[in-house]
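Pasting a structure here, questions to come.
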Amino acid sequence: MFFASDNGGPVHPAIMAALAAANEGDAMAYGDDALTARAIDALRRVFEAPEAEIFLLPSGTAANALALATLAEPFQTIYATPDAHVINHECNAPEFYTGGAKLTPVAADAGKMRPEALSQALDPARFHSEHDGAPGALSLTNLTELGTLYTPGEIATLARIAHGAGLPVHLDGARLANALAATGASPAEMTWKAGIDALSFGATKNGAMGAEAVILFDPARARELAFRRMRAGQLLSKHRYLAAQIIAYLQDGLWLDLARAANARTARLANGLREIGTVEITPAPEGNILFARFPRALHQHLLAAGAEYHVMDGDPTEGAPEDLLTARLVCSWSTTTHSIGQFLQKLRRRPA
Amino acid sequence: MFFASDNGGPVHPAIMAALAAANEGDAMAYGDDALTARAIDALRRVFEAPEAEIFLLPSGTAANALALATLAEPFQTIYATPDAHVINHECNAPEFYTGGAKLTPVAADAGKMRPEALSQALDPARFHSEHDGAPGALSLTNLTELGTLYTPGEIATLARIAHGAGLPVHLDGARLANALAATGASPAEMTWKAGIDALSFGATKNGAMGAEAVILFDPARARELAFRRMRAGQLLSKHRYLAAQIIAYLQDGLWLDLARAANARTARLANGLREIGTVEITPAPEGNILFARFPRALHQHLLAAGAEYHVMDGDPTEGAPEDLLTARLVCSWSTTTHSIGQFLQKLRRRPA
Amino acid sequence: MFFASDNGGPVHPAIMAALAAANEGDAMAYGDDALTARAIDALRRVFEAPEAEIFLLPSGTAANALALATLAEPFQTIYATPDAHVINHECNAPEFYTGGAKLTPVAADAGKMRPEALSQALDPARFHSEHDGAPGALSLTNLTELGTLYTPGEIATLARIAHGAGLPVHLDGARLANALAATGASPAEMTWKAGIDALSFGATKNGAMGAEAVILFDPARARELAFRRMRAGQLLSKHRYLAAQIIAYLQDGLWLDLARAANARTARLANGLREIGTVEITPAPEGNILFARFPRALHQHLLAAGAEYHVMDGDPTEGAPEDLLTARLVCSWSTTTHSIGQFLQKLRRRPA
Amino acid sequence: MFFASDNGGPVHPAIMAALAAANEGDAMAYGDDALTARAIDALRRVFEAPEAEIFLLPSGTAANALALATLAEPFQTIYATPDAHVINHECNAPEFYTGGAKLTPVAADAGKMRPEALSQALDPARFHSEHDGAPGALSLTNLTELGTLYTPGEIATLARIAHGAGLPVHLDGARLANALAATGASPAEMTWKAGIDALSFGATKNGAMGAEAVILFDPARARELAFRRMRAGQLLSKHRYLAAQIIAYLQDGLWLDLARAANARTARLANGLREIGTVEITPAPEGNILFARFPRALHQHLLAAGAEYHVMDGDPTEGAPEDLLTARLVCSWSTTTHSIGQFLQKLRRRPA
């Protein structure tokens, strides 16, 4: 009954096998090896972006922060939703990597930025003088942190507003695979064709051991990013093992299969929860994250039974038993139907 | 004939096996898992430092920069040798992580800092006012970047000077295992017993896939380092795979066995080179790095034959054939005697 | 009819005279002069704080940013109201000086932070892990940016909440004199006695040429601030001219007289505006800033007549003439009653 | 007998008069005033650079750091002489403003960078990979920190090397007036005509109260610098008083007259010292700074008699009386011949 994170599961066997296969002989360090070239090539093909410049690294937080540091100046502002990982869960990594840029929240509905709120935030009338700083970049997340998703058209709408104000657009794609699996959109449609300039491409949450990529669809700032990755300690020496993970992850569409599996498990869990009348699910889950609201007593019952997940809005151990608290439940490709069944059963056989 | 780096070899089979063994079931992310606790415990035992605070991460550059950022303020100076990795090969990572501290070179002989030069650099008469900045920390490297080593006594002498001026002392231990293997000193003797306050403990160059640790022997600044690691994107989510590497690396002294093997290969290579009269080796190698000086024509011959190594002081492909150029030759546990034999043979059968 | 800012008026004659008087002979640079010692002494006496450490500098933005950089770590969050100068009008200066700390808005009423909103923001339940960052400091402003004021008791309430969570408290006192003049509280009562740990003390807006001070009531971090001031280029060489301004500013209560004058002019202007039925003033001005809402046509009429002030929420030159727009009107000691009379007259003789 | 610094003298009466004259009526803050426009215009005319973008500010350290931050990226290196103010006397201001760029010393003779040492430092063979960082900018100082000067031709030689490697060139002109007075070169000849891209133009040491300028001869990065100045707290609100100083400083060549006077006083002091056989002056002073070497006993005698100056290489109060120590003696326009005469007399009537 592990629903704490899609970071908690094991590495997919095909990726482990690729690591073992890569473990032969010598290879130049720091990305000057044949596997890295193959991994970059594979990403370019998957994204139909032969000109894209691509950088592998072990951390999604760093992928976001590096991408933003190449897009925005330290005296500028980066716009994101109030729930965005870059604002809420990276311990000031974007501020650090950019050298002090500001992160400004823009209102969202169910985790998705409102176009009119973005327009308002970028209204030139807000920027009279140097005192006001300047707009720097837009950062979106798909799948969003609330488990909802943007269609390519919705991304294009927001990107058009940003570009209209001269801002480049970043996409945090820690769960891009889940968004693609859910919409059926192609990687290109969801990214550069919709106006994304820089992508944080995540593999770790969806089956890799620790492998992410920054993809610059506009290669102009690639040289800068190479140096920024190095000085951040994000250029790993034994680079072939990053590359091997990415190659296996993309091979024969494994990444989309895994995301489809994770999404399906989540739908199954959601359906089960809905059948239990007293559980409120909101927003409607579209990928592999769902938020379920039920009384504290039930949380206590589940947690005592060994369920693992995060409670978002209070302490499950203390307070009135009837208070409603929200569970964040995340499935990955490795979540079993057995585990889901157990969880639902515990919930059904709840204390009176 | 791969002598370009100890980063170029494969992962040791025992470490690969440990990764595979760790790949079972779910585990809390970000270090809240059982393997991480075991890895930290193993490091504390090896260093006889039960109070030490320990942080795993994938990058040695980041280990150095994080350690220095906890030891020095942004308006201070960090002292290191002119060849130090932190000065020369980290693309301003220490300046980045510290928020703008200065790196000041202190004169060295054969890669080892001269105590009197350090005393001079820290002379209070140099620091009249805020204009002069202030001393912040001392950073040493053992094995040094020139392949020489400090004894525990030599480290203690430098640390005493630094402590006398109120400075904490950092040790870049990317090749600590090689230094320990060469001296027979214990991990504790070479570090905290000699006055080291913070250690970058490297495993990657000596058989791991990508696993390093910052060890704070003085735990006072541990809380700060936890946040700094996170905001740098150096807190990996699937943390158990870092931990599994460290556990296997330390198990039954594997790390020292691998370092002894690398040192022995280097000695064998050095002996072979010395027998070839025209090759000058300096400084005398004490670990797994050596510098050999011979004519450009020979470099061309070797490189054409497929040897891989770095030429330090010029372009091997262009210029007078008799010019002396320096090869940096690095062995690891995986360097074969066959490869060494081949290299020496090519060198002996050189063009007239 | 200049109401654009209290930065727009001339330097008070007594301060100009002090500059001229200071212009004799040689003096050690960078604050090692007799006038600087006298200025610091005068501030300590005015604040009844003999132990306070005090730093003069030319910029209020820098005073805020330096104070915050000594109070908060780069991985922490600084709390302020959404309208705070440090969030809205300093072009990321706090992010820059702190090395990347985050600025987080806390809900306010009429420019004054709500205690319960602060408590909520600091709720320990929000800080589970390094991902969430950590609280760093509270920054208040008095007089607030909306022209309202905190009483010493209100500051004490907020400071108690902050201290209870381990946070030091900064006060942006760019207009502290106006707040003191309005409340009758003593400098000590409004600052350290109410729990303020570090103060940005402004003189520039209230009659000086360019002179501010950071006052650390807790001197523990004074050494750090000395270096931070220097590396920011905020330690002026001909320091005696900063000191001369501060001495004259405090002499015989000049600063409070000037603030009383500015507040009185503002009250006069407010009364005059209230008499004009159609002008809405909100929030009620308590110092030397007021916000008045009236139709665009009137703005056009006033600006065409030479009135100088900022329109906060739209373009006065374009749009429907009946739209209500807000004027920010600021008086200083040098605002004349003639100028106020003229402004009101223009407003009364408005186009039909 | 004040020779401690050219920062120690009073403000020139013409500049004080200009400040008083500027103190009339209201003016828009932050540089949107008529005097600022006039000051910028005056600088453009003096430098024959109608396209230059110019920014006034109160601090020379900040002028240097801001200029360098617009020229170099945080992952790059700035080259300067070992004695350069930006390396030695700014408490890491360039590292701070650039976001972590490295400062690398390049060998110099008598304070002047050796062209061949610069060529060597920029040798492309040193930059193999991201590990090595990248060259960012060249920073020169004229008059140098050792009181020597570059001719326009010498600057052009160094700038040509830098430009050849793609590096922009900054000139620290804290004492540019002294260099121009000594060479007779025009401001344009010494700067943009010789290849300077960005200039820190100092007035403070040469008669102003606190007024400097960054002059970007290439206006491409002007927008960036405007924001960087603001977020550093270097955009003063009552900007007209900076402008008034600059206007008076340039008026009728006052600045060059003052520099000529300072240089002449220095020559007179040097001549007097040379007549005293035992004083060694080196390097030969070319502007308003000289270094004189004589026994500790004499320093004690002079300092006891009230002479004020810095001893560069030891403690004058303790040690063998016959040890030679170096005095740094700086004259300004306000240094009197009486003061020089007194100093020389004290030196002549020295203890046996």
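For reference, chains read A, B, C and D in written order, and residue numbers begin at 1 within each chain.
Note that in this section a contact is a pair of C-beta atoms (placed from the backbone, for glycine too) under 8 Å apart; a residue touches a chain by one contact, two chains touch by 3 or more.
Source: prediction; values computed, not measured.
S.K.: Going by the average position of its CA atoms, which chain sits the greatest distance from chain C?
M.R.: B
S.K.: Equivalent interface to B-D, which of C-D, A-C or A-D, with over half of contact pairs matching by residue number?
M.R.: It is A-C that reproduces the contact pattern of B-D.
S.K.: On a C-alpha centroid basis, what's the spacing between chain A and chain C, in Å?
M.R.: Using C-alpha averages as centres, the distance is 41 Å.
S.K.: Which integer distance in Å separates the CA centroid of chain B from that of chain C?
M.R.: 50
S.K.: Using mean CA coordinates as chain centres, what's the chain A-chain B distance in Å?
M.R.: From the centre of chain A to the centre of chain B is 34 Å.
S.K.: Where in chain D do residues touch two or more other chains at once?
M.R.: 30, 74-76, 90-92, 95-96, 99-100, 130-131, 133, 227, 230-231, 235
S.K.: Which residues, counting only chain A, touch chain B once they are in their complex?
M.R.: Checking each residue of chain A against chain B gives 2, 4-5, 7-11, 16, 19-20, 23-30, 57-63, 65, 90-93, 95-96, 204-205, 209-210, 227, 230-238, 241, 308, 334.
S.K.: Taking the touch rule as given, give the residues of chain A at its contact with chain D in the complex, in rising order.
M.R.: Those in contact with chain D are residues 30, 73-76, 99-100, 129-131, 133-134, 224, 226-231, 235.
S.K.: Within their complex, state which residues of chain A touch chain C.
M.R.: Result: residues 74-77, 88-92, 95-96, 99-103, 125, 130-133, 314-315 of chain A touch chain C.
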